[in-house]
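Paired with chain B in one complex and with chain C in the other, chain A is shared by the two complexes that follow.
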Partner chain A sequence: MDAVEKANAARQRRWTKDQKVGEGTYAVVYRGREAATGRRVAIKKLKVGQFKDGLDMSAIREVKYLRELRHPNVIELLDVFSSKTNLNLVLEFLDSELEAIIKDRTLVFLPADIKSWIAMTFRGLEYCHRNFVLHRDLKPNNLLIASDGQLKLADFGLARDFADPGYKMTCQVITRWYRPPELLFGSRYYSTAVDIWSVGCIFAELMLRTPYLPGESDMDQLKTIFRALGTPAEEDWPVRPPRTASDDTLADVHALQGHTKLPDYVPVGQFPKTPLRDLFTAASADTLNLLGKCLVYEPRKRISAKEALNHPYFSALPYPSHPSKLPKCAAQLASAKVLEEVNGNVDPVGQGPGVKAAPPKRAKRKLSDDDISRNIARKLDFS
Partner chain B sequence: MALPAPPDVPSIPPPTRTPLFEGSTQFRNWRFSQQQLHATRVSLNRSAVTAIRNTFEADLPGSSSDIQFLESKEELLLVKLYVTKISQLCGHFRFPEEVEATGISYLKRFYLKNTVMDWHPKNVMLTALFLATKTTNNPISLEAYTSNIPRTSASDVLDLEFLVAQSLAFEFAIWHAHRALWGLWLDVQDLPNAPNRDDLQKYYDTAVQHVRTSRLTDAELIYPPSQIALACLSLADSDLAATWARAKGAESVLQIIPSIKDMILQDGQVPSVEVVREIDRRLKVCKNPEKVVGSKAYLAKKEKEEREAESKRAKKAEGVRKAMEDGDPFGDELNGAATAIAALDDDD
Partner chain C sequence: MSGASRSNVGGWLRGTTIRKGATPSTTRSATPQVQSTSSTVFGGGVKDASGRTSEFFSMDDQCPVCKSDRYLNPKLRLLVSSCYHKMCESCIDRLFTLGPAPCPICNKILRKLAFIPQTFEDLVVEKEVAVRRKIAKEFNKRREDFPDLRSYNDYLEEVEDITFNLINDIDIPQTEARIAAYRKENASLIERNLQREEAYAQALKEHEEAEKRERQLRADELRRAEEEERDAREGERRALIDTLAQSDADAGRLVARSKAEAQKRAAARTSAAAHAVQASSALLLRSRAAQGAAVPDVPHVAIQDDWYAYEDMFTLRPSYFDPASDAVRRDREGIMRAGGYRVEEAWERALRSAVAGLDLPPLVGLAAGQGDGDVVMASV
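For the complex of A and B:
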């Protein structure tokens, strides 16, 4: 046996597969263990042999980035090995994901809980952006939750390095409800700001407990966005004409046009701008300020992940909940999650409720014994 | 004026920022000393020779005695020639420089885990380059790729893709010297008393050529890309490189630069075709017969693997059958066990 084959066989022996927990078109997910320690892991087996062009791009992207990235708020790739024509990714085992927690109506979120999840999301994202990686598929069910409450960015199947100025990227990325307007208008030159818009949508969803901008089609998505945030005027969202890779003249760099010049621009109707306050009635001023900065139309004016982490929202009271004190869903939703992740769909499977986000039923929090103890725990943690 | 910290307050060291490069797999797993590189290649070569000799002897005792096996430095020359082939192909396809540089890095890394006597660099080179188009986000279809390369079929590329990816330990991200040089180029334009734009452009263009030459050497396996880039700039204009280093407060790096420059100038030669052709001719005789499709040793190895797989399948099927037989047809906990076994795929 070759040295390389031997090394692969040794890696394979390190991990045992226990139980199949999900199967999709491209992958099967198993719950497994590290043979030596019993540590729980998830093994994602990608079927590779079926592709006529060999290893497919989403597998390559996922492996490439997860091999490089190491951060408490990014899912850890523990190992990679192959078995015959399959590629096996050994990932840390995570109990749950944010979508399941949002949907679990038995859970009550404190503003401090939301602050904690958003802080962890921004931390993971700032690390990715610092490493020149765009995630391009942020949504609640790609934010996995570990048993200790840590939130981790997962599913890097659509991730890529920043393109150099003048090089095109595809605009067919990010699940529709979380996709920023510049991509819906077909922009092929974009930046980290696309991920920030997604975080803004997730932030709003945590407060509303229902998707904030659930468009039924790409066209309806724009309408839904403009209905919620007002149709931008030309000067609200100026666009710099792209420089081609070979173009070295600096003359027209400052020539700005409006967003109506974007490739797939279509008018979708005039909607008035309504203050965020009207929908998010209970949110603090800091909260709405940060949310608003994530949902700015002009991508270059949108807040960066690093700036967001320094935003007063995170240093104001209430302090973020300690991860271990965050609400957890009782049900073991891990298997449901991996199933969805396996499909790696860009478009949401269902059409969703297709409603304009209704103001949440903000039931007055009852101060149960449990809540009191949580508050005490929080004080102990942070005083 | 900095006051000494009071004794009872522990002084908190300022947070140290680790350079991003030091978190990369390239920094952690793919940097070697020259001695390590040499030792790795020699030991790979030795164990391959031993294994192949044994295979020959098993087939026909005495048959290996007059075979002239390749030495590690001859293997290296052959790989080097195929590095130049990657550049030619990239010119033909008009691939971006990142694809070319990545393909070359993959080829070099592959032969730190394998030997040319097991895997001939021709197909490994094709596979490494094809993989590089995908990992750098410049994918083209396999059909478009192979149809533009003479005498190449899809299986020439795909059969080795897994082996290449495995040899790279699935670490696909590469930090390149040409990117570092681009950073230097942006920096030097901002230097006080920078040379005029035309001169700068000339130095940069020369430095880019040196970076391309450096890809023929082991430099990227020894030095970080930033140092290679600075050495290339120094080859173009040593004053400019020194000025940049002083402006950055990084004079110490200038001590390392001469050895990189020497390596690029000495090892950056394209190997002579006659010499490599002779190596390739000898390789035809001494390559591992187990890897030659259709040979006796190849068939014997395949047959053995098939037998092992067959006995594994039989064992599994027996387990499933037993579990089914023992169970109540209307279902009890044993049926659960049966489905659990059946749920595992064939190849586990």
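For the complex of A and C:
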């Protein structure tokens, strides 16, 4: 066993794997514990074997960026180790996600609750952006809620650092309902503003308790957006800044070209602008102002995470709810109770290395049968 | 809720609630409707929990100035001046419409708008309540603002002293000076405590709202259950009639069996419904209310970590000589700009990365030959 294998084995021994809690397209998530302290963790086992070209891109992205980021509002990557051909990410354990809470109709959201969630989202996002990381997959599903109520950005499988000038980025990112129009128009050069649009959609969803812009296809998504916010005119979303003296060398034909020059631009019809007030009847003026600034068509004019955190919406009364007071969904409360019981009855230290101790049952029996027969054979060997 | 039904809630408070412009209610024929004869709306006075002013009202009211009484003028309404003398609305209109004038009783200069409705029968109480209210607004220190109980008690003693002086008109200028000195000394603390109280009131209000919602929910639930029960009972009755019509078994036995079944079902339903309603409401109320009191909401702080971005180590210029990004900046098609891409961010990143390592001391303890061995990752 060489040094690297030894180090990996040592890491693996730090964590025990319990039952499976979920399965995604490229990973299985297990509940687990830190062997030494009994701290709850989630272990994400990435299915590596099925990809011909080595490790899946999103796995690399997730590890790469989570290793760099540490913030109360970003999920923490505790460890990475490999077992056989799989790669295991040890993440902090989080009870539920915002989507489940939004869907739980028995919960009542106070304006202060929404403010608290959005503030935590912006804080986590601001941290990513200031470290030059784009999340590119913000949606309620990926905003996880810890047992103390803290909201954490998770799933960095589509994250990317800012591109160097001239490098193209893919526009096939972000779940459709939360995808900003510049990506729908196929822009390959974009910025942090894409994440802000997603936060705007989440903000609206928290108020409406139903997805704000649920398009059925990419084409329909644009139509849905324009129906809600009005079709942008050329001057709403210009390509060129207003001409200044230093711009004289630039060709005049570009003086006022709009987003219509984006690669995948297609006209989807003219819709009138309706004020946000019509849909969000109960929201305060501050709320609508911030929401409006998150959903500006021109990416450069969209509010940044840092500016958003300094928006008067957050400092106005009511104060954002303390995270521990935020509504929790029933499943979360139930799981908390069950876990409390488990915590009381089971000694987590005595469980041994779960990853190795839980091979499929059939294989185990077969193995032990073999062992027994071999042992008998050895006893009968008189040589 | 009519004014008459509220009038004796307090016991000691013999007053009626007056709302100008409200339609006179038919239930209060015993007491004459107190109406204002003046066009001025007099504010102030002591408000009850619902924010309305309870006004003292008696059949023996008499204006000390014009001597008109309730017998002669059923619409008589007495108001209290800032020197705590009563007079009727018409006297106030007559004396003070042309501007500040001396009080006909004590000669203090009074203004029309400083008259307030009377809440308490005894004007000394009226004055004490007003003074205490005013004082409490500024002298709002709490126990936790003092290092020990002794100093807190001294402070309370001082407040009581000032209040007593103001109520009984002892050393007024001196007392006013004391208040002013206190105000100057504790301006920030007063402000903070005010905000705290506001936040507390807000929490209280939220709690109340949650409770109200809860009650509403429970009522809806009950109504729904009742309806269901009625429907079920109706269905059973119809079923029984059908069976009686079609089957040729003994009618008495059929009726008895269906009755027993219905009873069993009803019992199960009520117990289940009661249980569900209780459980859900109790859970919601408990969680929200318990937390509301325990953890106060804190004002928003934009960025909570102290993160150093090396801002003082470089200044970003509007433009750089950068052939690599030249094409991007010229942006012939304008697609970079439309997508929101900023070359400045790339520049900032490059600069920050460049200066970030400047402070780091070189690694010590690494011998020259050791560097080319196994690369060992730092532990988490």
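Following the convention adopted for this analysis, the second predicted complex is superposed on the first by the 312 of 383 C-alpha atoms of A that agree within 3 Å, B and C clash if a C-alpha of one lies under 4 Å from a C-alpha of the other, contacts with A are read in each partner's own complex, and residues count from 1 in each chain.
In this section, a contact is a pair of C-beta atoms (placed from the backbone, for glycine too) under 8 Å apart; a residue touches a chain by one contact, two chains touch by 3 or more.
Keep in mind that this is a model prediction, so the values were computed, not measured.
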Next on the checklist: Going by the contact rule set out at the top, does A:Ser324 touch chain B (first), chain C (second), both, or neither?
Outcome noted: second
Checklist entry - Given the touch rule stated above, what does A:Arg130 touch, chain B (first), chain C (second), both, or neither? => result both
Checklist entry - Who does A:Ile60 touch here: chain B (first), chain C (second), both, or neither? => result first
Checklist entry - Can A:Asp278 be said to touch chain B (first), chain C (second), both, or neither? => result neither
Checklist entry - With the two structures laid over each other on chain A, which partner does A:Ser82 touch: chain B (first), chain C (second), both, or neither? => result first
Checklist entry - A:Ala3 contacts which: chain B (first), chain C (second), both, neither? => result both
Next on the checklist: On the A-aligned overlay, A:Arg160 touches which partner chain: chain B = first, chain C = second, or both, or neither?
Outcome noted: first
Checklist outcome for this item: Of chain B and chain C, the partner touching more residues of chain A is C
Item to check | Intersection of chain A interface sets (partners chain B, chain C) | outcome: 3-4, 7, 130
Checklist entry - If you look only at chain C, which of its residues touch chain A in the complex? => result 198-199, 202, 206, 210, 213, 280, 283-284, 287-288, 291-292, 295-300, 302-305, 307, 309, 322, 324-325, 327-343, 345-346, 349, 374, 376-377, 380
Item to check | Contacting residues of chain B [partner chain A, same complex] | outcome: 20, 23-25, 44, 47, 113-114, 118, 130-131, 134-135, 137, 139, 141-143, 154, 157-158, 161-163, 165-167, 169-173, 340, 343-345, 347-348
Next on the checklist: Applying the document's contact rule, which stretches of chain A touch chain B when the two form their complex?
Outcome noted: 2-5, 7-8, 17, 19-20, 28, 45, 48, 52-55, 57, 60, 63-65, 67-68, 70, 80, 82-87, 130-131, 160-161
Checklist outcome for this item: Per the touch rule above, chain A residues touching chain C in the complex are 3-4, 7, 71-72, 78-79, 106, 108, 110, 112, 115, 119, 123, 126-127, 130, 132, 162-166, 182, 185, 187-194, 237-241, 250, 254, 257-259, 261-263, 298-300, 302, 306, 309-310, 314-315, 317-322, 324-325, 328, 333
